[in-house]
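There are structures below to look over.
In the two complexes that follow, chain A is the common piece, with chain B as its partner first and chain C second.
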Partner chain A sequence: MVGEVKINMISESVAEFRTERIEIKEEYKRFVGRKMLFIFSSLILIFVIAGISATLGSYPITVMEVYSIIWHGIPKILKNADFIISHGVNEFFREHFTTKEVVVWNLRLPRILMGVLAGIGLAVAGVVMQGILRNPLASPYTLGISSSAGFGAALAIIYGAGLTWIGVKYLVIMNAFLFALIPAFVIVALTRFRGASPETMILAGIAMMYIFSGFLHLMYYFTEPDAMKEAYFWMVGSLGRASWENVPLVLFMLFLCFPLLIWKSWDLNVMQAGDESAKSLGINVERTRIFTMMIACLLTASIISFVGCIGFIGLVAPHICRIVIGADNRFLIPASAFFGASFLLGMDTIGRTIIAPVIIPVGVMMDCIGGPFFLFLLMKRRREFW
Partner chain B sequence: MKLKVRDVEFSYASIPVLKDVCLELAESEILSIVGPNGAGKSTLIRCIDRILAPEKGAILLDGKDIKKLSRMEIARKMGYVPQNASQTFPATVFDIVLMGRRPHISWRSNEEDIEKVMQALQMLNIEELAMRDINELSGGQKQNVFIARALAQEPEILLLDEPTSNLDIRHQLEVMDIIKNVVREKEISAIISIHDLNLAARYSDRIIMMNNGRIFAAGNPSSVLTRENIEYAYGVEAVVNNYNGIPYIIPVAPVQDIKERDSENRREVLV
Partner chain C sequence: MKMYCLAALLACLLIVTPALAQIPADTNSDDKLTRDELANAILEYMLDGGDLSLEDLRDAAHVYVYWNGKPKIIVDSDGKEVKIFRPIKRIVVLGTTQAEVLRSLNAKDRIVGISTYITKKPDFFPQLKELPTVGSGYYPDYEAIVNLTPDIVLQYSGWTPEMDEELEPFDIKVIRLGFKLMNYTSEVRSLGDILDKKQEADRLVEFHQSYMDTIAAGIATLEENEKPGVYLEWNTDYQTDTNGSLHQLCVLAGGKNIAANLTGKYPTVDAEWIASENPDIIIKFPFRKSASHGYDVDDASEMAELWNSLFERFEPYNITAITNNDVYVVGQEIVSGPRALVAIAYMAKWFHPELFNDLNPIEIHQKYIEDFQGLDYDLYERGVFVYHPVNNPDGR
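Here is the complex of A and B:
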């Protein structure tokens, strides 16, 4: 009798144990499901905001007209693909499109696309940098990328002013891109001698930031106000320079870098546990850190050389996503990418319309609206996240 | 022999930390490393896991030099539980333990990995913590999580760096019991660096005692934990009693001339 009771108790506790185990698995799967839902919703949000953004602007075109122009534009472009390749996209617009069509296809669409691509790239670079450096403050600013790119652009704007307008345009982009890569190379070179610790990297980045902003201010000091203003506005960052010529380049860089970073995302997670633990789990910590760092810097450089320094998105988008879905980089990287894209595009849409026809650069909107929004989230969050 | 350490030497910024260290680890054996602070216990464990690279000597795992193995290969054989692991950004206990599967899979975790994580959590009896954030846990709970992660690695050797140092007496016994059970059940070996001589005496098959980067006593607990050895290594006068055949140490007082002797030792090491 007693034995029977005992057996019953044991089988009961085993059954209880099994259900508990299934429950934890279910809970984990729901947890993963919630993250996937956030990623998916952010992706949808991009299309929604892009759809709204395309209809807004100072040139009066109705909502239905915009969509009909986009809809009918696609076959027109496909039909004239040969002409576009031989004569260039601008020639094609001039010959085959009405003014309204040009406004939508050549002004609004590249701007929207560039906003999406820049948002994805800068947010992803931000997540990765914060992860590698194990520092919630890491962003293109803290690594000196923004100020070195700014210095490169100012050098071209102020001293390359004798060249033609087209020439200057490319000179600025090339200069910004090459200078933006300098901090990355200095940091990597330094880590060869001093070891790739996050502290060394971030301090080297901060030093670089001061060096380049020092040079930049020195240059401002001896410059005419007009040239200075242009250089200064380049630093602020805007989507106004987006065109069908530079969108494909940024798209190409994203296609190159994004999969590599996703591939390394779990290793980045493991590295959050500290170098020792990561090594004991089989990660080549130094090599992974340098590799992901170079990819993130390359991505940042290729974007900010076209749009200027929209640095804040790289800090804010990852943190907002971290508040919602946690710090698992396998989910955080795509989530920040899509959320960053919708956020940047949203800010640009507001900046374009709020006091139209004057366009407020997206960099300014980002700081003025994104900043307070971020503060609000910091106060509202339920627990510590970093 | 599962693991052999041969004549290993290591120094931090040219200050020698390990000198001529040799040891052997048998299959399903618990080996404890004891010795005063700065004796080189943690450094030795890190060298064994190739977190640090020794300047001289070799570490052979199943007869193969670990220098010739990749990090992943080492990680599939040895699991390491650091003394105080930190986590910068938040992560759930489940995800932390899942990282132990990294040496076996490259990116996507499947049903089997989730099952392995569940087994590791169950072994440490921390399933109810699965969805909690690691940074919200107590020291003892964190310790268990990191041991679970090392178990999810399915290692043949478990390396633990002072696993009991931050724990109360109940948790100390629980953690040591868990380690002992795991070693018996999975037929793996463990190397534990530990300060508590009584825990070491009770749970180890063998003990090595280190001082100033050298091993100067090795063997079963009663042959290593003698009054003379403790006085020599720690500079502490101790009473060694016997409790159910296990040596039982009561520290009495620090020996006065320890500084003198230590400086002699240091000179010896530098020469």
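Here is the complex of A and C:
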């Protein structure tokens, strides 16, 4: 009798435990579903904004014409792939496309693609940097990458002036890229001697930011304001320089870096709990931190050497996504990527149409509209995320 | 005739698609339009229409007759060679200086689009401001440019390096001309050449050069120690000029720039250094926004105010410029571009009044804006450009 009751009680509690577990599992599934929904809708949003953006511009082309041009352009390009490879894309456009087609294919599409790629890359770099440094302030800007790239570009613009402009153009990109990697190397070198604690890394980054902006201002005293103006415009960041020449390069870098970062996202999750816990779970914290840091820096460098310093997106996109779907990097990285892309593209579309033909560069739009929007979200949020 | 017809037929078979970056009717693309090529193209057009439009043929005939059948080449201020294959009829102009020179060359009718820099100067460009704009000179809207189907875009030297590539597939050439004082006459001649405005270019160069020569001849008679030491100041207080455009104006007007040996192009100096250098003359060059000046300004009060504050700033020091009341203000409206000549004339007169007694800056200015710019301002009556309470109290 007593035994029966005991058995009944045990089986009841087991059943209870089971239902509880099922409930938790279901809740988790629901939560995952919500995250997937957010990621999916951000992805859809990119296509929607790109679709709208392609139809906007100063050259009069109707909405239907734009889509027909895109639709019919693809087979045309595939058919003439040999010609494009042998003669270059500009020659192809001149020979085979009408002006309307060239406007869509040469002015609008590269700009849209560059917006999407830059948005993805910078947002992902931002998430990863915030994750590995466990600091909400980490972004390509605060780690000195933007200012060092800006200094590199200014150096090329000012001291490469003897070359022809086409030569200077490549020099600017190369130099910006190389200088953007300097903070990463300095941080790595520093952590070799002082240990890779997040605090050291972020302080080193901030020091780099001051050093390079100091150099940049120093240069101002010894050079022509005209050249300085060019450097300044480079610093602001704009998608105006997007072309079929540089979009594939950025795409390639993204294909290279994005999977590596997703692969490391679980390690990043564990590292959120602190270095000790992560180490006890068998993660080589220092190595992971340096590895992901280098990848993120490489990604940032290759993007901002083409579009200039669009700093804010790397800070704002991850935080907005974190507010919506939480801090699980496995979901946060793709979510920020897609959200960042649609956000950047949206800002650029507004910037180039709002008072057309006067174009406001995306860097400026991002700060002026993205900033207040972010503040608004911070005030509306209900729980702490950091 | 028969042979021509046969040749035309042959040519018809040979032509696949005419590439745009060549002289129209130059079927073998060797950048030389021969008599035969032109004749074939004309016959072909008359027989069955052909691939060329009437406009193409007109351009081809123009190139054959006036350009010797060869494309024209202009080397711009950045050292870039630009080949022009047909007469330039439509121009988008992004800088104010280029627009000014186009007007001097009597080519303003070819301007089809402008930048917002030009709309911001309605007093100087009253006719141009109605034209469609293509955005600011620094972030031009390429679609808007393409929409205007220009042959060339004129831009400042070194600006928007990506523009060449963006506009290349549309066969729009970008030419960057700075018209800096040192290259002004040669660049005017090159632009005049590609626009088929040689006479106008010669006339403009002659006008400019005759005054420059007069001033240079006067200065050549001076000993080095007869030239006054000048402190030049940009719009920002204490920002001077070591070898930039202000330095050039000063030297051409017969002055010695006290900052010529400093490092940097536009360094900031301190008052103590200026006092120790003891300049004979002080000149400030404000923006239009800092001290209102220009063609539609009648009242020199803002320039006078600036003059007063400049004078007061240096009054405590025992400087020759202050004791002799040799402090001047020159508006930036006449500092850069072709009208720098007017600034040089004013400065030469201030530096060496006995030498340039007959030189009349207002007359030069009036002649330039009337004969070359086609503006009808009476500069003896209105307009503010410079200021000195005794020499130029009206701002002229």
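The working rule: the second predicted complex is superposed on the first by the 369 of 386 C-alpha atoms of A that agree within 3 Å, B and C clash if a C-alpha of one lies under 4 Å from a C-alpha of the other, contacts with A are read in each partner's own complex, and residues count from 1 in each chain.
In this section, a contact is a pair of C-beta atoms (placed from the backbone, for glycine too) under 8 Å apart; a residue touches a chain by one contact, two chains touch by 3 or more.
Here the structure is a predicted model, which means the values were calculated and not measured.
Asker: Once the shared chain is lined up, is A:210 touching chain B (first), chain C (second), both, or neither of them?
Answerer: After superposition on chain A, A:210 lies in contact with neither partner.
Asker: If we overlay the two complexes on their shared chain A, which of chain B and chain C does A:159 touch? Say first, second, both or neither.
Answerer: Touch partners of A:159: none, neither chain B nor chain C.
Asker: Please indicate which partner A:327 is in contact with in the superposed arrangement: first for chain B, second for chain C, both, or neither.
Answerer: The answer is first: A:327 touches chain B but not chain C.
Asker: After lining up the shared chain so the two structures overlap, which partner does A:238 touch, if you call chain B first and chain C second: first, second, both or neither?
Answerer: The second partner, chain C, only.
Asker: Where does A:59 make contact in the superposed view: on chain B (first), on chain C (second), on both, or on neither?
Answerer: Once the two structures are laid over each other on A, A:59 reaches chain C alone.
Asker: Given the touch rule stated above, what does A:99 touch, chain B (first), chain C (second), both, or neither?
Answerer: Only chain C is touched by A:99; chain B is not.
Asker: For A:185, using the defined touch cut-off, is the partner it touches chain B, chain C, both, or neither? Pick first, second, both or neither.
Answerer: A:185 sits against neither chain B nor chain C.
Asker: Which parts of chain A are in contact with chain B and also with chain C?
Answerer: none
Asker: Enumerate the contact residues on chain A facing chain C in the complex.
Answerer: Those residues of chain A that touch chain C are 57-60, 89-90, 93-95, 97, 99, 102-103, 106-108, 161, 164-166, 168-169, 221-227, 230, 233, 238, 240-241, 243, 245, 352, 356-361.
Asker: Please output the residues of chain A touching chain B within their complex, sorted ascending.
Answerer: 20-21, 24-25, 27-28, 31, 130-131, 134-136, 263, 266-267, 269-270, 272-274, 276-277, 279-284, 322, 326-328, 330, 383-386
Asker: Show me the residue ranges of chain B that touch chain A in the complex, using the header's touch definition.
Answerer: Contacts found on chain B: 46, 49-51, 70-76, 78-80, 82, 85-92, 94-96, 99-100, 102-103, 106-107, 114, 118, 121-122, 127, 130-131, 133, 135-136, 146, 153, 159.
Asker: Which chain C residues qualify as touching chain A in the complex?
Answerer: 17, 19-21, 78-80, 116, 133-136, 138-144, 146-147, 149, 158-159, 161-162, 164-166, 168-171, 244, 263-268
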